[in-house]
């Protein structure tokens, strides 16, 4: 029987210090999605074997801003919202594994530590950033969900702006895009603490939402500008052709995934 | 004709660097209000002459958390939301001036510089803080506007938590409280740069919203805890009796005020 | 006799909540200074009458990064360093008033609220920013004060990088530059709360350090890059010719100034 | 041959986006250490098997504040100091493994993402926090290294203050404490992404500095206050008896460690 408890660091006698509690994790949030096409070679070079480029539209990218309130089974984080609220911006591409299409997050920035660590558990390549997106509001200058409403979104990290976008809503549609619509195929890894010994953990995993609910998606025209930085490569996914912009309010429950392969990269 | 332009610092040839643009200023936001009674002497000692304690219920206090998106006439800030979004927590009491009842903000914390400076123009005693409040959401664990919905709110400054509150909604009502319902009576002042020379500016001003729109207020039960700190006195406004908690979505336009008196404090 | 006390907002019965205590204010800090020449017209357009461009070298600019620990007479802030430590980056030019040469800060960013408000009292056009500069250290990879030592410095605001610099030390010298070497001539102002009524306060003030101590300045080669932003004009002060870079450790006491004129801009 | 490169997330074609570069990692920094005794049972319950309490003085704790500038082999981070500078506060205890005494970090807070992730690689239980400590300075109100000099230090996380300390220097000594003086024995782990499947990685590792240089340590009297919080247990390590306070400037190189055991906790 273990002497210390907790889902993640730091483990203690009670487990209550863990930076993240055990899944399931619940989320309420708003998603602003920009889909576009880049050079398929730029996507392919981010897909380590055994992943392959997606068969159709292999240069499609979704850059997604999300404004979340999340919590554990206890829901207690919602009443101390510094522990619940965070924002993120992430770039998703598609890939193929054993004939099936997966989504894959290739870059992601969040603004809270619990979100960063939760992502490492899920295989999201998280860094901290400063993320902002316009919120809908029923009164005053902030936009309603209606034709012509405009939403702005920005991303910065390391005191440099990396992306900025504007979406102008046109109409309700059936979906908020196709790039982030598949199960996620992610690598979870940790380098060995011994120099030159490769990876201590190396897994290809799959995960999906355990539950999902969503409002009516709205689609519209999108503008997107990406900016280079010494330690960032988001701008390598150059915008060749904009597909569209989408706004949607959703809830998600995440409750674990499945290991597809281990040791692939070692 | 002035050689430099801009409503506030820094003035330049174009005026576009000003930390805040000229009013009118427009706001969309959510208000979580806790009203309670403290010792009326604690309120009275925050009211310099010629202000007097309010005739009725002179110990009433409103502690209000607000989650704003604000902009100038151009509305351009909404599309670069780091320049538009901010949160604040402020304590309001009532007072009497020439037989009329006014509201008066005695403490306020915001989390952006433009909001801090805007407040100095309006006579709000602003400091920076870390402010969080639960947001309503149509899906998932975050609350809907419905009976039993719970909202949490916290305030910290100087790396110390100063206040935390929970409101549990009960029902729609007619108003979100009575303490912050009057025109504001504020002092605008700046000490002389010459030592011992008193105030260089000393005004008692009145201002109100130039326009206002609001959704249906909800009322409910409130919990509130205040914590002391070496350079803060919010906790001196001890909670003797809770009156109620309120949630309301509103829009406001602010477009200047009126000087009531000058030189009162000099 | 006033019923409320405190040097600045918020005034209370005790005065201990004031965002800044009364001067004198004491500072220990490191200064990284880059001096360069820009188009003199860009400097001149930042000098409202009665200020005139400096007679000699009117296009000279100093961009200065400072890493401060500051306190009041009580020195108590030093033991709660979140109330003492801050960083700033500021642009200084020279000007002439009644035949005398003054320094004048035209842009400045700080990272704490007490520093921002202190600046408004002194007439510094402060905004919040994110400021970083390399610190000297006696051991390891950080630089010592010695030939070849390199210091980096960056400035960001609104999630955009505005400036970055590198200084490579060459030798001890007599001075850390000539641009920020004069008394400061600043405008202190506050717009009227009444629309269209101009300024409620409008002063041209002079202030200098009440006391100063400094280590041996080091000079070296400087690199400087400025970046544009929608609400910033630092980059208008284009780098035409680099003069030099300087590092110096100093202490300063500031204890008020003198009003030179009032009503000039009204 | 791998298609993607980089020591940690996100892996890319070039490797330059990795949130941390490959070790060795170099550090220059100042350490403020408070050593004290708590109930040995509170230490023992943080030591999972096969670790045992230290034979001598098993209730000894070191709470250490550090102000770092760190970099990789390229040293390039030092010139973009937002990527180099960070502060941390960490609690260290001692333990015994196979008859040898080890140090072990049981709680740690840092203020940058690269430091957090670097810690996960090393087995440090890192969270984000707000950390401040007084810095020594040759001029003005900040302290010199001399008898009577006072240093303050604070820690906050989740908008709550968790610890505050003051050290008053007395004299130069031979060491800055005995608790953090051994090789570190840490657990590196990652839960399985499959629910109920235990740990995917579970290692007990040892690591030490690959190189170390340090100035003369100073010792003095210490004050320390710990504060409770819903998701923190630092305050469980109650201060029963203060041992002393220390200030020292050091440099460290870290370049990997050794796996002692795997699968212990599974």
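Letters A, B, C and D name the chains as they come in the text, with residue numbers starting at 1 for each one.
Note that a residue touches a chain if its C-beta (ideal position, glycine included) is under 8 Å from a C-beta of that chain, and two chains touch if they have at least 3 such contacts.
Since the model is a prediction, treat every value here as computed from it, not as a measurement.
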At the largest C-alpha centroid distance from chain B we find chain D
Interface residue overlap between copies chain A and chain B, same or different (over half shared) | same
Compute the distance, rounded to whole Å, between the mean C-alpha positions of chain B and chain C.
-> 30
What is the distance, in whole Å, between the centres of chain C and chain D, each centre taken as the mean of its C-alpha atoms?
-> 35
Using the average of all C-alpha atoms in each chain as its centre, how far is it in Å between chain B and chain D?
-> 40
Two or more other chains are touched by the chain C residues 80, 82, 130, 132, 154, 159
Per the touch rule, the chain D residues reaching chain A in their complex are 2-4, 7-14, 16-19, 23, 45-49, 76, 80, 82-83, 106-108, 112-113, 116-117, 120-128, 158-159, 187-188, 190-195, 200-201, 203, 205, 207, 230-233, 236, 255-259, 265
Can you check the complex and tell me which residues of chain C touch chain D?
-> 26-29, 69-71, 75, 78-82, 84-85, 130, 132-135, 137-143, 150-154, 164, 166, 213-215, 249-252
Chain D residues within the chain B interface of the complex | 130, 132, 154, 156, 159-161
